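Accompanying notes for the structure given below.
Labels for the chains are A, B, C and D, by order of writing; each one numbers its residues from 1.
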Amino acid sequence: MSEQITDRRIRLGMVGGGEGAFIGGVHRIAARLDDRYQLVAGALSSDPERARRSGAALGLDPARSYSDFVEMARAEAARPDGIQAVSIVTPNHLHAPVATAFLQAGIHVICDKPITRTLAEAEALAEQVAQSGALFVLTHTYTGYAMIRQARAMVAAGALGPIRVVQVEYPQDWLTEPVSEDGTKQALWRVDPERAGAAGALGDIGTHAMNLASFVTGLEAREICAELTRFVPGRQVDDDVQMMIRYDGGAKGMLWASQVAPGNENALKLRVYGAQGGLEWAHTAPDTLRHTPFGEPPRLLSRGGPGLAPEVAALGRVPAGHPEGFLEAFATLYSDAADAILAHASGAPASEGSLPGVADGVQGMRFVEAALRSSDAGGIWCAL
Amino acid sequence: MSEQITDRRIRLGMVGGGEGAFIGGVHRIAARLDDRYQLVAGALSSDPERARRSGAALGLDPARSYSDFVEMARAEAARPDGIQAVSIVTPNHLHAPVATAFLQAGIHVICDKPITRTLAEAEALAEQVAQSGALFVLTHTYTGYAMIRQARAMVAAGALGPIRVVQVEYPQDWLTEPVSEDGTKQALWRVDPERAGAAGALGDIGTHAMNLASFVTGLEAREICAELTRFVPGRQVDDDVQMMIRYDGGAKGMLWASQVAPGNENALKLRVYGAQGGLEWAHTAPDTLRHTPFGEPPRLLSRGGPGLAPEVAALGRVPAGHPEGFLEAFATLYSDAADAILAHASGAPASEGSLPGVADGVQGMRFVEAALRSSDAGGIWCAL
Amino acid sequence: MSEQITDRRIRLGMVGGGEGAFIGGVHRIAARLDDRYQLVAGALSSDPERARRSGAALGLDPARSYSDFVEMARAEAARPDGIQAVSIVTPNHLHAPVATAFLQAGIHVICDKPITRTLAEAEALAEQVAQSGALFVLTHTYTGYAMIRQARAMVAAGALGPIRVVQVEYPQDWLTEPVSEDGTKQALWRVDPERAGAAGALGDIGTHAMNLASFVTGLEAREICAELTRFVPGRQVDDDVQMMIRYDGGAKGMLWASQVAPGNENALKLRVYGAQGGLEWAHTAPDTLRHTPFGEPPRLLSRGGPGLAPEVAALGRVPAGHPEGFLEAFATLYSDAADAILAHASGAPASEGSLPGVADGVQGMRFVEAALRSSDAGGIWCAL
Amino acid sequence: MSEQITDRRIRLGMVGGGEGAFIGGVHRIAARLDDRYQLVAGALSSDPERARRSGAALGLDPARSYSDFVEMARAEAARPDGIQAVSIVTPNHLHAPVATAFLQAGIHVICDKPITRTLAEAEALAEQVAQSGALFVLTHTYTGYAMIRQARAMVAAGALGPIRVVQVEYPQDWLTEPVSEDGTKQALWRVDPERAGAAGALGDIGTHAMNLASFVTGLEAREICAELTRFVPGRQVDDDVQMMIRYDGGAKGMLWASQVAPGNENALKLRVYGAQGGLEWAHTAPDTLRHTPFGEPPRLLSRGGPGLAPEVAALGRVPAGHPEGFLEAFATLYSDAADAILAHASGAPASEGSLPGVADGVQGMRFVEAALRSSDAGGIWCAL
């Protein structure tokens, strides 16, 4: 491997994501897509044999295929060619301890969401990030879509006027029926409070929806009133989330996240309305954005098309009309993280830029805990 | 006028709907479309000169063009060829007194919605209906769409299994800015609490949304938690309604109605999810219905197309693929009402069949008052 | 019948459209919808008993329910309250003789399309129209859609620049399988060359597509190269039409009309591209028009919405977002015809305005004959 | 680099694709996405300095960064760790000589399309492929979409019955205006007959459309009648292609490819109709496929959703509802090619499987030459 490559590509490690896991593979594609990373180490499983096999399958140097993430953090920090960043793709309950180990070793963290199982854990982690001086990126994938960046830029530029109404929804259908004993590995841990936290759909997809609404509008939820339901008999966590939201500054919103809505595959949708116009974006057609200046015909903006903010026009790997999707949005997060890591390496103060970071993670856990509190109390308004 | 026509067509009167009014003309088209009615009398305005001019413009016999609806009810009841039914298309505050006058004269009533300004008025009117033995039809237009009838039939037949989630929304944008002094006649009364009631968007379109959800699912709202907002400065009634709903039987729902959502013309949408499948219908494409049996590819049902319930297949005036719209849905209500009137005339007990009636009106006012109560109390759950 | 009504509404007769027919009922709804006509006479069938029954069902005066259209023309012309216009809704082979009879009696004609079975018949009819001084309206229904009128206005105003490409298609699927012996009345005559002419899909829907393209662009086809196919075994007329078109002025176009395309109900679609922009309209969403000025985001125009030509903004019976469909488009033709008839009655020279007239009918038959000629010769370019 | 990696990943070279080029970068992402290739050599430009810079930017070993593709083929073939396959992403006129050089060196070829500038070149190249025993993959990207594979599988399984009508179109708008002198590098060579061949839109996108229609239906065009137009003044090659097609077995089709259709970014669309059903696929929503069995409601199949053929269900990197796009389709071609290369390496006879190969390239050039012949002759039917 030439020096040039070593200098150019970020040396990346991964914790979790071994055989049979889902999201680890997605992170690896995202890291690879724009050729900004090189996966060189991993603790892909806590089971040593499984870790070894998984590392071999990915072509890792056996010496850098660990089963213990603490050892990995220590060993990699000690190597001159050690990893510069680690991707954490474990079940939720391990996010905090793994992140802490690497942050303490001065290694940047790219962490799947939700950040932790509890708000207290998240706040403790935020302190670790502050103390470490390392970067912490939370992969709220949807913020990587070009047209979501465009929406954010337009709201920030005042194109909609003051925001009044924010409607966000994230329906799925894959938990419409009980997950059988022979269910997939990821389905099982996601409905297990021990490993996924007390929140089901709330933590899994509700946090994505909430984050997206805030990312685009720049508004934080101030109070929420939530109705969490477990529709499938025997399920231990919510599979449907309905919520009303009062935002800072007076905007009002609704949020619906469901995993029992047949016919919805992964139908995240955001609509934002201000005094002078509206924006609508749907994950089913992520390369387009509907802009409706009040009193004028709706306009369809598209990735690569005319009328975009300059920083958004620069995004995208293929011309307008060549669909980009989920993996490309994910890759944009990784590429932005690479930029932030290189900037940090050349002496700039640590900054995740517009990438979701630990503060977004803490805010997400505040949201989750407020929603649980609201729902447990029978549906009352709770401050975040 | 030949005997035959007299026998076949319902003799119809109208109160309201004179020069400059909007909804009266819509009722007249709806009554005319299937040739089941003949407009023969009216109190089109309370201003005598305006009433006269409006009647003349419609070709009414001047002797049957009234300015006082009480006199009209009395006079028409006394004529051998008097009206059999009256359409009430006045501002909301007159619905109750006008309906009462005609019911007491034994004349069937077809009334625009919302039924009254208050629940008390609605309950009193329900008693009048019961005492009169006459029919009372409330024109919740959307229940006349063929594919809404299909959705109702499918839910009733159990095609979705037990209903879990009901999402309904009705965004518009026409009140995004303040209504100027030179605004249209109808815009002004709709934002005036004296004439339209204490509810703005809630009464105007929220009631439609609620009624549609109940019509299709057969479920009634048991408790609601509402957030009513007046976004436009100076506005005296709500222009945005957000709500969570607990239905009888455990289903949960959300309702959003807004008149300040730029880019939404009249975008009523209903989505219903049960344990075995889902249905989605949008007013922007009213001739289609998306059915998603869980675990199978979504299917697109269409008016006139294959796979419909027999009573729905019989609806529709033009073949599949020839769009029918709002006026046709409205006309279906009128045609159904004509059937009900003829059945009553031939001795059958008074029954509006599947048409929305006075009970739906009362339920609608219960909904409005519960929403106002909930919102006024800061957003608490209130029983209907 | 009061004087006022007599003065205001056009007295209308109808030939064809008796029991079991389809298009007659559509014409009646269209005539009734805007209350501009009163159906007072008819030769609804050539079978006297059927004509009598059909007339009675529609409430016609028995004295004005004819079975012989020649007698009807004579009798009505002789009455002081005779019909002012006649709707011709017979099978195609009767269009010419019926129209001739009424034109010679000085009665305006509203004729279903295609105008005749042959070009020669059409040209002879055009002479009759010229000699009569009466109006002749050909019901190319799609020209009545508000957004089609908008498209025409935009092209005429140069919004697209010089037109380059015109793509029109009209797929259906209802003749995918052979029409059984117990098929509907209209299906049978439409596949019978004796009654429908030598053209199948070509005459039935191809003519609509061609007319629409010309109506919107203002361009006439100069040469066509056609491929007509009979896919269903035993069928005597084409059920699929493919065609390339050279328009006056250098624009190029394609036309596809099919009755054997499963999944297409009545999916007429027009796309027009010029040097400065494009327009797209689809019958599946007739209230919208996509406008794409080159180099700018596409805009979605809608009936009743912002950005329309003044004469189009004035069309429409219900506000934006309340779908209008096929019957409303048809009614717009009838209303425009009523205006033309009244203008003629008050002394203006006969003019159908923007309504399709006899010249369009002749052009349509030129198109049909050129297509048959082209296809019969193995697919060569033929001038119209 | 560990042995394992060497064994697992295909060693890849690239000719073309240096600084400022477009399609080379797309090929590199596609090769990288599924981690099946390692780019280790290149002749990224014929300009030595540019080649060197481009290679350095990609981290190539300088010793394997060539400027002469002939030298590259020779040198790589001589190395024990030489490339196993080469990606050819030069302008069209170099495809044949570059491919020949590598085939003669026994190196597999992955070539951008169109295969060559002329049919004669293509046929000569086919002989080279046959003699070499190496694999030749032509990157007709659209054949990599999961739902296109599904469509092909359904047609092959007889789900539509005998195919009757095949409608394919590929409109773009990026050449609506003349390409200025400061146009992008790729735009200029694409409108230059010397480098791109005599065909403009025909060769650039028309070949994609034709290939897609054949890939899905399994039918070859037998005769075509083409109308090629140069709408933009001064343009030397066609920018709009209209065509009628007679397929083997009696199916009829139309093909439209345009680069002057404002509002169309890259709107490839295929519709196939048979005696028992239809299929519709559009590049604007590539993860879905509309299936319309005649007489039943249309069904929406989706990548990852229910009802797919087993080999298609196995495709896809992220779950249903997470959009995949153009790069993923491209990556699927590369992954399939990797499988074919590995199979060949382990002794299986050379086979591109369902991947487009040299025969498809020859057929594509037959199509291009027939279209040019047809159009030059004024639009006559020509055999392929």
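One rule holds for everything that comes next: a contact is a pair of C-beta atoms (placed from the backbone, for glycine too) under 8 Å apart; a residue touches a chain by one contact, two chains touch by 3 or more.
The chain lineup, named per UniProt: A, B, C, D = Oxidoreductase.
Keep in mind it's a predicted model, so treat the numbers as computed, not measured.
> Using residue numbers, check each pair in A-D, A-C or C-D against A-B and return the one sharing over half of the contact pairs.
Over half of the A-B contact pairs recur in C-D.
> Going by the touch criterion at the top, tell me which pair is linked by more C-beta contacts: B-D or B-C.
Comparing B-D with B-C, the pair joined by more C-beta contacts is B-C.
> What is the distance, in whole Å, between the centres of chain C and chain D, each centre taken as the mean of its C-alpha atoms?
Spacing between the chain centres: roughly 44 Å.
> How many Å are there between the centre of chain B and the centre of chain D, using C-alpha atoms for each centre?
56
> In whole angstrom, how far does the Cα centroid of chain B sit from the Cα centroid of chain C?
A distance of 34 Å separates the two centres.
> Which residues does chain D have that touch at least 2 chains other than itself?
Where chain D meets two or more other chains at a single residue, that happens at 264, 298, 302, 305.
> For a test of understanding, state which residues of chain D touch chain B in their complex under the given definition.
Interface residues on chain D, with respect to chain B: 291, 295-302, 305-307.
> Tell me, which parts of chain C touch chain D in their complex?
Per the stated touch rule, the residues are 164-165, 167, 169, 173, 176-177, 225, 227, 229, 231, 240, 242-244, 246, 252-254, 256, 258, 260-264, 271, 273-278, 280, 290, 292-294, 298, 378-381.
> Tell me, which parts of chain D touch chain A in their complex?
1-2, 4-5, 8-9, 22, 25-26, 28-29, 32-35, 56, 58-59, 61, 172, 174, 264-267, 283-287, 302, 304-305, 317-328
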